[in-house]
Every structure is written in structure tokens, then in C-alpha cells.
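The two complexes that follow have chain A in common; it is paired with chain B in the first and with chain C in the second.
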Partner chain A sequence: MATTTTVMLETTTAADGAEQPLLKVDGLSVTFFTPTGAVHAVRDASFEIKRGEVVGLVGESGCGKSTMAYAIMGYLPGEPEVGGAVYLDGQDMAELGPAELRALRGNRVAMVYQDPALALNPTMKVGLQILEAISEHLTLDAAQAAERMAELIESVGLPDPERIAESYPHQLSGGQQQRIVIAMALACDPDLLLMDEPTTGLDVTTEATILDLVADLKGRVNAGILYVSHNLGVVARIADRVVVMYAGQTVEEAPVRDLFKDPRHPYTVGLLSCVPKPVADTGAVTRLQSIRGSVFPSAQSDPGMCLFSDRCPMATDRCTSEAPTPASVSDSHESRCFYPDDVSTDLWDELVEREAPHENGKEPTLTVKGLHRVYGKWQRKYLFFGPKVKPPVRAVENVDFEVGAGRTVGIVGESGSGKSTVARSIVGLVPRDEGDLELRGEDLPAEADERNADQKASLRMVFQNPTSSLNPKLPVRHNILRPLQKFTDMTASEREERACELLESVGLDASYMDRQPLQLSGGQQQRVALAAAFAGDPELIVADEPVSALDVSVQAQVLNLLEDHQREKGTSYVFISHDLGVVRYVSDEIVVLYAGHVAESGPAEDVLSTPSHPYTEALLSAAPVPDPDATPTPIRLGGSVPKQHEQFKGCFFASRCPRKIGDVCDNTPPPLQTSPGSPTHEIHCHIPLEELARLQDSSVATLG
Partner chain B sequence: MTRFLVRRISLIVVTLLVVSTAIFAITEILPGDVAQMVMGQGATEQNLKHIRETLGLDRPAPVRYLDWIGGVVRGDMGHSFVQKIPVTEVIEPRLANSLILAAFAFLVAVPSAVAIGVWMGVRQGSKTDHAVSVGSLVAISLPEFVTGVLLIIVFSSFLGWLPSSSAILPGTSPLTRPLILVLPTLTLTGVLFAYIMRMTRANVIEVLNTQYVRTAVLKGLPMRRVLLRHVVPNAMLPTISVIAVNMGWMLGGLIIVENVFAYPGLGQLLLTAINTRDVPLLQTLALIIAGTYALSNLVADLSYGALDPRIRLT
Partner chain C sequence: MQLGPLDAATSIASALLRALASLVRLALRTPAGRIGLPLVVLHVVLALFGQALAPYPPTQFHIEDHQLEGPSLQFLLGTDQFGRDVLSRVMSGATSLISVAAAGALLGIALGTVVGMSSGYKGGRTDEVVMRVMDAMMSFPSLLIALLVLTSLGPNPINIAGTIGIVFIAPVARVMRSSTLAVKSLEFVDAARLRGEPNVYIIFREILPNTLPVLAVEASVRFSYSILLVASLGFLGLGVQPPSSDWGLMISESRIFITGAPWVALAPAAAVASLVIGVNLLADGIKQARELPKREA
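This part shows the complex of A and B:
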């Protein structure tokens, strides 16, 4: 069966000539029928992909990006109603029988998934998982197949293919797992590669290396690539063309440069305005824009209007009474808007200048001195006897910083760097072994249980995932009233009133009081979590990746809320994020953590400009910037953060440092250097600062 | 691995010690007297005293316990109070009979339950699935003495195909008359089968919804291969512990089934030992049951470790 399909498809290609696009999606619509009604996941989507081309597919969550990718694969749960057509080399995919479709999957069309840890079978060696795809579609004998497998593993940049092939997924890092998934997708030299958010769950440094791999693939294989992502920076870095989806429709399509420099749909402009961008040359710092409202509900059927009109700042009567169709703006640029020529980049309100950063005049709100935390104990060879074989797990070592009143300290670092342990130590969720915390100059007990109500009220935390940090069984009311009840002596009616105020301050009206958290969108949930954190008028809020799980438009709302609250109340923040763009935007000071050690700390501008610690430099170099013209600096970190029970003799960063100077790095702990111009800017490195600055300036360090 | 085994086996020894103490204590509390049981109602005080002395029952309980446990450590399980022969000799033939029955039940129940569980998981929501679900619930709800009697009524009394009693002459093996094993095996299998089947079905459904199964399907693998290579191995992981727990359950079932069918196995012997207050016999039987239970859990953990590379036994 497999051979017949291939032959048939090849003849189609030959007959129609080279003009034909590899993939043509024509008016695709996908409607799921659920017990609560029809869900229009994709409404009217059309675009094409040519061979050797990377097409980025962007949009907020709920816009149908992933459904589109799976619809192309012919893999949709349930029995949805599919309209329109998907053509692969001119072949209508809907006409293929199950066996023909199977012969296509993993062979001519292959997929890369969002979470490689879940996409790989945990109980099967990864080599075998790749081998399966090879032997299913190619007629190779065992030795040839094994050879091909080794080649594939090598081609995705993994060293020592024999060892890797014999590993189980859990023995590999996230980046290595994703490389295996990519190798699996490349097994049969696919014509079309569908990548569904392939770097979303990865560290920024790993993301950069995977993106390099995808860019490299583009040159090597003659496949068309559909790259689904919510991250405009990522798309700007690797896509040739970009398709923007909104509420299941494709609303704009253009070559990547045109789309970022000359967007012609208000939604695209909105998405671009939401992203915190590097400080422009002029130094004018503008407030983040956000797109009000939320995605047109997929449960509603097409009412014959522009689906974006309810969120669009330039909507007219025509927009609400007539549905726009995609119209050409230029040869290669299409927009589904009645007024593409009126769209401009400052469409989204006036750009408001941010107020100057707060002065750090008063005593610091929080002081962290020599924070040290290990988990577990030394393990001995035989339970209680024998030599010590495994040291305890290091989380943080000697972390010092201060948070001034009304200021924000950003903490950045890869996963495993100890960011969350610092956060949890501050709010007293983990006992610390050594080191002192001071709140307004007074000693703060290590564990939350030992702290008094005032201290607890002063330090509040906002978590990454609001869906799991709000109690799903209790209404919003409870989540906000509880801290008021604990931390204030208000009467019941005062509390009720205050709770409504708090909700309003985060942009939700009083009707949300009795909703259940699960009825709210992710952004609304996080705003409820913020309102709850604001409830006791805390002096310091620890925000652990508070916007990482949110869409860009919602991310902007949450960041603006935090900023407004800080300006109004003078609250201090410890803001943890892996996204340098966000940290750069919100922070007055930045602490860069690596493997539990402070690599660099100081005022935000100083940390992010030369000279910086080689690790900071690598992070900056890896961070995707939503500008297709940005020249990416070629500094990449291989490997991953050292195993947490490894002990460092020399510099904690020596094993991965791209600027390592020699044995001194391996054998001597790095000295603390202070830059002459900025006494609070500290770098732990063996390389003299002037030398660092010279090296970094010469390597096209356009760090914003 | 060695460390794991050493630790687990020492834990098993501790468990057995605790079990033996508990059993000994319970037999002390139980009303009734061994000497009375041995001699019958007409025994004189003199006779009873004599019996107590010969059996060593006049000594204090802790001394008797230590004496007994000392023997166990040397491999001497003591003599049966009632039959006056070494406990090991009483148990040996019975143990073989019980093992045969248990093995049959296990070999019938486990493979068929897993196979049907996988099939129902794949065909989730179909009419067959519903029918099997209801059937298995009924099997779980009915105790063995009810299913056993029902089976006797249908297959012996009504259809007359199979013998209703599984009694055999002492010294003969049940394997010489395999027909007598059919009904006890079926009765024992019922609950075991239903539990394992339901567990397998639930796990298969869960695994079918994982992303790695989606990956396998989108690799273009045929459904049969997806099931055999990706779904079943992962679905079996939690099932294994259920099988181990059910081994213990089956031991309980054995006692009932053997009594219903008059099958000369350990279960029947255990009941006799309780009735006659035959403490050395009772102790040994309790140790065998507890030991089997602990060992099957150990085997489950070991096979879990062998099947799931993420688990490291330490």
C-alpha cells in the first residue's frame, strides 16, 4: 500500500510541474462537537508553503494554531467537521484512505512536538524510537537502518550517537530530548516538517541551540517547515514568511521582514506592541501595550463580521456588519482587514512614556545575606556505613542581594540555577541552612511558621501557574478574602468592599467575585492571584515566572498591573523570569544566577551592557528578539547546568564557559570584581573587566 | 540493586517476626484449650495436666514463643499438637496441592485478564466493553463461596459435567484427576480476573491518551505495533502492583475455595488448625502466607524496576 501511494503522489508532482506549492491549505475549517456545543477551532485558514521555506504560524492561544498543524497531519480527536482542503503536492489529503495516510505520516510529513519529555515513550530507548520510524517507511536491512539512525542522531548535533541511542528519554536533558524528536521527524527525509512550539518548554540557551539547528536544517533538507509559535522573537529569527492567525482565521500573511516592519493587520500590530523590546537607541522607554479583551470565543459561529472588531481600536460599522476577506496589500502580503493602508505601528494608543525608576533612598526592604541551601545529606555507600559517596543536592550557595523600597530586582538564570529556591526561601517555604534574611533591617525567621502575621503579610508570592496555585474548588471571593481576613482587622463588610476594589485594580469587575477559578482564562486567573497578593498591602512581592504561562497580550496586562501597583504603593518586587526581555523591562537591578551562585549582579543597564559575565553574555545572545534584522550573536552554551551534586573546585561556570581562559578557571574560585563606573555592579570572573569589555564589544555585542 | 535486595529481604524477615508474634499472641487470647481439644470432653484434670506437660504448655507464654522461634531459626518448625508429627510433614503434601491450584488460577486469570483488558481499553465505550465492565463488577461483588456454590449448581448438579467435590485420597496428586481442579480454579479466577482486567483497561485508556502514543501514531506505525510496543508495556506498569496485591487476595480466596470444594490444601488445613488450637501448625501456616505475600510484593517491585527504566531500586 505504501509504495502505491508514493508512486501516485510522485506522478502528481511531475504532471503539475515545479510551480505547485508543497503544501496548500485552502479555506480550512475544523469544528469540534462537544457536549456543550460546537467549537470552531479553525474557521477559514488559507496559506501555502514552498519547499525549502520556513513559514511561521503565530497567534495567541486559542487561535487554532496547533489544531491547524494536526489537521494537516489528518490527526484530530473525535469526529470534527472539516471544511476546505489541504493539498500536499497537489494531492487532496482528504481523499487518502487510512493506510495511505499512515504511509505519509512520519515519512513525507513529520512532526516535532511542544514537550519532548512527553512526546517520547519513557520506557523505550530513544535509538529504538528513531529506528521504528526508519524501518516502518524505508526498506533497509537492520545494519543500514542502524547506520541511518546513528547518522540522524549525529545530524541533530548530538555527540556519541551509540551512547545516546542506548539512553532512555529521562537520561537526556530537555534539549537533547527535543533533538531526538527532531531526528525522529527527519528519519525518512520528510517533505514537510510541522513544528508545534518546539522550543516553548526549553531554557532560553537551549532554545537558541535548537533554533540554530532548525535554521541549519533549512539549508540542508529540501523540506518545507511550518513553525508554530506564540513567541514572535523566535519566529523573527527563523521564519521566511509569517502567517498570523486570529480566532481560527488567517488574518495576515507576509514575508518576515514586511510583517515585522510593515504590519497591515491591527492584530499583528497589537501582538508586536505587547512584547517588551530592548530599550531603543533614543532611550525613550515606552509602556507596554496590551490588546484589550480576549480571543473571539471559538464556540460562537461566524456572525458575518470581522472577528477582531471587538478588540480593534480602528473598528468601524463596516467591521461589525460585514466579514472581511484576505486582500492583497502587495505581491506577497495579504491582510484580512478592510483598511490595511490605515494600519500603523503606533495604532495601539499613544506610546506612553514610563515614569523614571524609583530612587533608592530609603533603607532596603529586604536584604539577603549569604543565603545557602542544600537539600538532603551525604549518602554513604552502605546505608549508614562506608565512605561518603554522594554529596547533598546544592540549590543555592552564598547568594547576596538587596531589594530597595519600591524597586524591582530581577533574577535570571536557566532552570536548575536556583532561582525558585531563592524565591521560596524569601517567603519562608524552605528552611535555609545558612545566611540571613532581613526585612526592613530586622532579622526575619527562616520558616514561614516562625514569622509573625506582620512579616507574613509583608512578603507575598505570585506563582507561575495560576491554574494550580488558586484553589479550584473555592470561588475567587475566597482567594481574595482569605488574606484580608488573615492580615487586616477589617470588618466583614469592609473586607468585601476592599476585595471588590482589589479586583477592580486588576481590571476585573465585582461580578468575578463568585466565579470559580477554572471558569476564568489564564490571564484572568493570574490577575486574581495578583489581587490576592496585593490584599495584605505587602511590602514585597516575590513573583516566580508570573507571566511565563501567559500569552503576550495578557503578559503585557499583568506586567503593567505590577508596574502600576508599584508606582502607587511603593511595593518592592523580586521578579523571577527566564525571559530576559521581560526582566530587562521590569527590573531596576538584576541578579544573574548560575548553578546556585551569583554570576553577576547590579543595576539593570549595567548588567545588560558590557562588560558582563560570560554567562550573562550567553543568555543575552540566546534571547530571541522580535526583529528579523537583529544580528544574533553567535555565543551558544552547550550542555546543561552541572548536576546539582557536583562540587565546584574552581569557577562554577567553568564547564560551559565560552570565554574560559585556562586552568585557573577549573581550580580557583573566581574573584569578585566591581566595575569602576558602577560600584554596585559585581561580576564573579577571572577575566579582568577591561578585557571582558574588549572581548564582548568586538564580538558584535549588540546587546540592545 | 544488591543493597535494595538486602534491605527488602531483611524487612521481610522483620515482617515475619512481627506476624509470628501477633499470631502467637492471638492464639493465647483465643478461648479454648489445646489439651481439652486433644483429649475431648471426657478428659480428667489429671489427663489434661499430663498433656499440658508433654506439650510444654505449662510454661509461660514468652518462654514458649522463644522456644518455638529458636526452633524455626534452626529449621525445626515443631510438632503438630494434634497429629503428633512434625509440622513440615503435615504441610508438605497440602502445600503442593495449594500451589497447583494457585498456579492454575494465576495462569488462567492473568494472561486472559491482561489480553481482554487491553482489548476493552482499545474498544472503550463499545457494547462489548460495557458488557464486560458489568460482568467484571458482578464478579468482584460476589464472594468466592457464592460463585463457588453457583458454579457447583450449574456445572455439577444441573449439567453434571464436573465433579462437585474436589476431595482426593491422601497421598495422591490432584494432577491425576485434572477435572476436579476446574471448578476451584474458575472460582478463584473470577475476582482475580475482574480486578486485573479492569486495571489493565483503565491503564490502557490512560496510555492511549498520552502524547508519546500520539507520536507513535504520527510516525506512521500500524495500530498493532503502537499497541504492542508503546501502549501495553506502559499500561502494564501499574497493573503489576495490582497483580501482586491480588496474590495476597488469592491466598484468602484459597482458604474459602478449598473449604467449599473440600480440596485438601493449605486453606483447609489452616481452618483445621484454628479449630483445634494447633498452635505450631497455625504459626507455620501464617508464616507461609505472610511470606508469600511479602515475596510477591518484592517480585512486583523487581519486575517494575525491570520494566520501567526510570525506577532505580535503591
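This part shows the complex of A and C:
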């Protein structure tokens, strides 16, 4: 009760004209009751949001970020026990009745959800859905409401409001859908906007434009914004202040620059050191770090200790016997740690310098030549007759690259760029239509079923989602023994022994053999999948977004394991990711794909520095970097990857290219240009390379 | 090393046993299951030991003094037109009905599972052809096909079970195909293909365990339909032949006395009804329990 009285005092003084927080979350706790027992989703979380301020809320999955957002809305599922208080403009939300809450939601507090496709009703035109939001809270006549709707659509940066309003959600791209959801949230000029991972499902280029919109809104709407995200780069770009959550507690709160430059909680430092960063100026590249263990089991409740102590490298006896409270480090900087002054950036192991990559061997492990893949057939107007009306979907066209022994080729691109088709063609899950694959100079059959055991053993794949790539009904043992049985002629006991070794090599012990995959965390599952991929001593592993489904804290474990295995065995990798930071970190060579075409390929450092293809440039500019001082060149791509059945007469990128030079781009396929300094660096573009380099260097440089 | 057929059989059997145990646990978590399970167990006990527990032999006549007698202490459910004890006949009738129904349902489920899963896994044109054939089979009323087969082959328990098995291929195949399609798209199936596993292995070792919950529910539904079908065939005179105490046959034989001696028809009818209701409740209970929040995270 003591805290409540102080709050009341504060709000009364605030009314005198001092700055009053728009939102004050005070000691909030949310406990759900499940058949297994109580789950403490949020415990003792406190922070404030002022008008016109963007507060970022970050943490791993399971830290209670989303629950926090829903608790502020007063919209929690089930019947949880809620402690503490949430004040909106000094008004205790708990004192409001259901009708008042209903009026409040949408009107004063609005929410933007993660998946716009689920937040919009697929059977209603989006204009009608925005009108619904308007008419629910405002009393406007039809003409005024329509005007307001058009205004809203324009205010979220969508051109041609009439056409957009008449569209159904499926006719819009993911980015456009999210803009509509934001427009609905803005319908009644809310005071507080809650955004729950609004860009997580979107491509980086789209994400960048949405973030620009949020930054723009901040200046326009005079609302407080709570931006929930797992991505530190995103938060660094738009937040004014950042709140870090761990196991339901707020562990650190600081202005964005302080948090990124001078973190004062070991968890924050851990999160920051897990993210692959651009190559430092010194040229030294350090190994990624990971936070051992996983989030404190939320079902457990032991308030008598620091919840992070079991994962913290600087934990002492005091940490396990006493609970820390948030303490001020400086004016606006709070940390829930006993030793905030001892926290330093090299807290998580010393920074180990990475070894230089393998030299490119004489003979490439894998050669991809002219890979071509089309899905479906021409569709005719009347089922079997009539003119051909719809061409097949072209997934990949004319993709060439080589993977040297012991080297990593990274493939990047937005969704729809054909990355996965390339991966699946290499391993033989998707047969190619044209083109050749060679493994050590030998021809590879198109389909996995036609390849011999040796070829199958040499080419393994790691999938994106470890939960579905391990059979949930079969134990870990099965997943590792089975490839050994298929690919080696070991006896049963030898296999058993080897399986244990493999598990140990990925940092799991033999006791995991009889666990069921669903009992493991995502990171552990992916490590089991790695062990299974390593089983046949493969020469090449195709990894299709292997860390995209994982938290940053465990992402590093998987990347480091891949790297260690490569050093030890000389395995080559084809590493596919949409995350430029990760690709930059792991790759020796990079292939940039756009709409099934190679836009640019070559040694990693050449591809990422000027001159680069305009598409690569746009990707680099869009990629969020966990550094609030980063000032990337503001290049934004509108629209989305063209529907692949469009026939490209000219350049495949012409429809979105920010550096388009004229009709030649629309009418002539771009020539292949090789940079004079680096003969393997190839760019498909009409602009001469010197010109491209000059243009790119003159726009704000330093992309790292 | 290839997987021997014996290994496959034992692994499937142990998987089924484990599935059974978990189903019982699931069933007991809902009210429907808590009512259905005892009913089904009661009938299974009757099927196994009914004849031994019955107070009289089912075919014993008390023709002189006890024809069509109402329920009494001597004959708890009365007697029929030949003075046979209705209770004893109902109790000993469970064996033939449940065993034939179960055999038919099992056969149908086994065949339907193989057809449906193979067709779904294979996909493409094969799948299209197989499923259209299944649609054609489903367009015949099942009783009609059964009558057709049994009049030409003659009614005996093996023919009845076989007929039911064939009739059930199509509906089971349809259900199993759709759940195979859902599992097939998961990445562990791709992983198995990349290991070079044969299709049979992928279908039965990798996919089947993931469809067991669906299969279990489908099996119970099929079993209750199978009971009704066997009873209907008995009623139409194409089931187990007199003087055996098949429930359908008993209802059929007693229907001329139904105004004077309703107990003779009611007792076997109630037996069929309680069995079918029990099986359905059990299936519902399991289905509901699966949708309840899982106990483990």
C-alpha cells in the first residue's frame, strides 16, 4: 500500500503542471493459474511512459513482454491474479468497470499486433474495418467518417486511399496490412499506443519503412508508444527509452543511448553481445557470445533471489539469497542488480578473436550452374482449353555459385526471393528443371531418392524450425542413431557410442538420448538437429534459416557450433538467412538473391562494401543495427518482391530500384559486371561500377 | 540394416499399447469418458465371460410353463416364445456381436489406414485416382453393399467381418489421408527423405505415430458403426443364424410379440444401444480431453 500512496501524491503534484507520466506501471504482477500450477508471467514490473515518447520493451521469449502489453490494456485471457497497478493519466485502471474499460480501449489505448494477417478480418474490405474502429468510438456522420478514414490511410503512408479502402486484406502486402492495422489503432487519436512486435513477421526492407512510420508518428500524434520487440536493432532505431525485461521483471531501464553504450545489468550486456555486429574498425572479428541456460522457469516462484543469478557470470552468494530491487545508477538509469558498477561489456567470457577462414580449396565442394526451377504449369482460360492465361510461378532462374571446401556461402534475400528453393534443390527435395549440380565434380541427380547413400551422407540439411524438423513422437536417440545406421556400417554399440559423442559435440550430454524433442528448448532442439546433420560426416550442410526461430541468446550457440565444426572437419556450408547481420557474420562469400535472380555475388567483404548492387545497398540500409548512433543511408524500397510469374523484360529489380536510370532498366536485362579489384565479385546492373561506387559513397557512407 | 517385418510388428504393437494406456488416462479426464469407459468395459466383460456368468444356457427351453413370461425373480428379464431366459440370451449374445463388430472395424481401420496414408503420402495423380475410387465406394449405402456381399457369399461371421472391413475402407482412408497430408508437410519428413528412408518406413514409423490421436477417435467411431451394422444385419436375417442369441436376431424374432411381451425385444435393444452410446461417449471423452490444456508444458 505504501507504494500506492506515494503514487497518488505524485499524480496530485503532477496536476500542478509538472510533467505527468501518461502511463505508470507500478509493481505490476500477473499470475496465471494452469493445471500445472501458478505461472508468474509478470512479477514486479515498473516503468513509465510520457507523452510523445517511444519506450522499447525488450527481452527473450518467455520474459512476459506480451503479457505486459495485454495487462496494460486490461485484456488478459483467463482469470489471472493481478497485483500492483497501472495508471493512465493518474487513473488507476483497476478501478474501471468493464464498460469504462471498453470505452478506453481503442479510444485512449490502442494496440497493434504482431501478425497483421490475423488482426484483420479477411472477409471485410479494409476501409470498412477502419470505419468500424471509427464509429465505435466517435460520433461522426457517414461523410465525416469516410473523410477521417481516407485521412488515416494517408497518414500511414499508403497512396491512393480510395483504392486501398476497397481492397480486401489478402490483396495487400504484409507491410500494407500492418499500416492498415496501425491506421485502425490511430482511428481515435489514442493517448497510448501499444505495439507488440509489429515488424517481426515482415521483411527487413518492409520493416524499415514501418519503423520510419512509427518514428514519424511519434512526432505527429503526441501519444506515448510502447514498442515491444525481441530485436535490439529495431529498438535502437526508434526508442527514446528502453526497458529490459527478464523472467517477468523489469531489470534495466535507461535512455536508449545509455542502455546500448553503458549497460548496467549483466542480462542487457548478454543480449547485446549475442548479436552479430558489423566488423569493427580494427578489423578484428570476435566470436559470438551466448547466455547459458534459459529463462528462469516462469512456473517457479522464488522471490528470495535474483532471478537471473543462475545464468549470470558475476553471480555471488548474495544474488542467490536476496532479491535485488531496481536501483538508480544515474538520473534516468535504473538497474536491478547488486553490482551495477561492476558490469562491463566483456562480462561474458573474454572476447575471442575468430580465426581466419579456410583458404579457398582448389576443387569446389559444390558447384551450382544455371539452376532453374518453375512451380506449376501454364494455366489455360477454360481448364484444358483456350489461351494460356497465367504463367507458372518462377522461383529460381539461372542461379550459379560455387562452394569451396571448408567455406561458407551465405544466401540472402527477402521472402519470395527463391532462397529456400535453392536450398531444397541442392539437397534434392525440390527437383530442378534445368541446370547442373556437381558434388566434388561429380554430377548430382536432381531428386534425393535418386542419389546414392554416399551422396546423401555428404549433403545434409538443417531446417529452420527445430520443433518440426525433429519427429515429436520419437526420442532424440532416434534422430541421431538413424542417420548413423543409414550412412555408416557401425555396429549397434558403436553407433550408440558415436551418438553420445555427437551429442557432446553440440554441448548436450548422453542423458538427452532418451528425451522427447518436445521436452527440449528451441535451442536444444536445434542442437540435436545439428548433431543429426553431423552424423554422416557430411561435406556440405545446407542450413535454411537455422537460427531464425531462436532467441538471440541461443542463436550464438548454434552459430558457434557450426563454426567449430567447420574448423575441425572442413565442412562447407550453404547458409540461408534473411538476417544480413547473421549472414555477414558467418559467410566467406555471399549471394544476394532477388525474385529468383542473383543480383550480386562474391566475397563477403566485397559484396557488403561499395560498389554494390542497389538491392544489396537497400538491404544493408534497412537492416536494424543495435547501435542508436548508427546512421544508415536512408534507402527504402516501396512495394514488395514482384509476383514471380511476371516476365521480366528488363532488369528483375527495375520495379523497385531506387537507382533506376531509365528505360534501359525496363527493357534490357542487366549485364554482368565484374569488379576490377576482385574478379569473383559479380554485379548484375546497368549502372557502370565506378558510377555505382561514386553514387553510393556520396550518400551517407559507413555501413560497417 | 533393414528393418525386419518382426521388428516393425513389435514396434507397432508396443506403440499401440502405449497409445491405449494414454487413451484410458485421457478418457478419465472428462465426464463423457467417465461414463463411456465403464459401459464399454462392461460390454467387453460380457463378451468375454457372458456365457459363463449367465444363469441359464441361452438355448435352454422352459417350453411347458414359462413361455413369454414377464420379468420375475426366476427369470430377471422374462422369457421368450420358447421359454428361453432373455437375460441369459442377452448376456451370451455379446460375444458374437462384439467380436464380429470389432474384427470388422479393425480390418476396415487397418486397410483404410494403409490406403489413406499411402495415397496421401504419395500425392499427385495416384492420390487423385485412389480418392475418387474411395468416393465412389462411399456413395453406396454401407448396408446395401453388405447385403449384396452376404447374399452372394452366405452369412457367416468371417464374411460379415470381411464385408464390414471393405465398407469401412473409404471413410477411414479419407480421415487418415487428411491427417497424413498435415504431417507430411512437417520438416522431419523431409529429413527422413534426405536420410534415404524408404517410403514404407516414413509412412509407418515417422508419420503414423503423429496421427495416432486421430486414428484412435476414428477407430472408436468405426467400432460403434460396426456394432450397428452387425445388429442390423442380424435383424435382417443375414447375420449370425438361429438359434444363436445374436442381439439383432433376437429383436427381429421378438417383434411379432412386441405388444404382448415387449421385454423380449427391449432387452437386446437396450444392450445394443448402451454399447453404442458407451463407445460414442468414450470417443467424445477422448476427443474433448485432447483439446483440454496439456498437463505437461
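As a convention for this text, the second predicted complex is superposed on the first by the 684 of 704 C-alpha atoms of A that agree within 3 Å, B and C clash if a C-alpha of one lies under 4 Å from a C-alpha of the other, contacts with A are read in each partner's own complex, and residues count from 1 in each chain.
The rule we apply is simple: contacts are C-beta pairs under 8 Å (C-beta built on N, C-alpha and C of every residue); 3 or more make two chains touch, one makes a residue touch a chain.
Since the model is a prediction, treat every value here as computed from it, not as a measurement.
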Message: Taking the superposition on A as described, I'd like to know which of chain B and chain C A:A103 touches: first, second, both or neither.
response: first
- prompt: Where does A:P483 make contact in the superposed view: on chain B (first), on chain C (second), on both, or on neither?
  reply: second
Task: With the two complexes superposed on chain A, say which partner A:L474 touches: chain B (first), chain C (second), both, or neither.
output: second
- prompt: Once the shared chain is lined up, is A:E136 touching chain B (first), chain C (second), both, or neither of them?
  reply: first
Message: For A:R241 in the superposed arrangement: first (chain B), second (chain C), both or neither?
response: neither
Query: Of the partners chain B and chain C, which touch A:Y168 in the superposed model: first, second, both, neither?
result: first
Field: Which of chain B and chain C A:R148 touches, first, second, both or neither
entry: neither
- prompt: With the two structures laid over each other on chain A, which partner does A:D449 touch: chain B (first), chain C (second), both, or neither?
  reply: second
Query: Which of the two partners, first being chain B and second being chain C, lies in contact with A:H578: first, second, both, or neither?
result: neither
Message: Under the contact rule defined above, give the chain A residues that sit at the interface with chain B and also at the interface with chain C.
response: none
Message: Show me the residue ranges of chain B that touch chain A in the complex, using the header's touch definition.
response: 3, 7, 210-212, 214-222, 225, 229-230, 233-234, 237, 307-310
Task: Provide the residue numbers of chain C that touch chain A in the complex, in ascending order.
output: 1, 186-188, 190-197, 205-206, 209-210, 212, 293, 295-297
Field: chain C contact footprint on chain A (complex, rising order)
entry: 34-36, 299, 427-429, 448-449, 451, 453, 456, 459-461, 463-465, 468-474, 482-483, 485-487, 519, 532
Field: Sites on chain A touched by chain B in the complex
entry: 73, 75, 102-107, 110-111, 113, 115, 118-124, 132-133, 136-137, 168, 170-171, 181, 184, 382-383
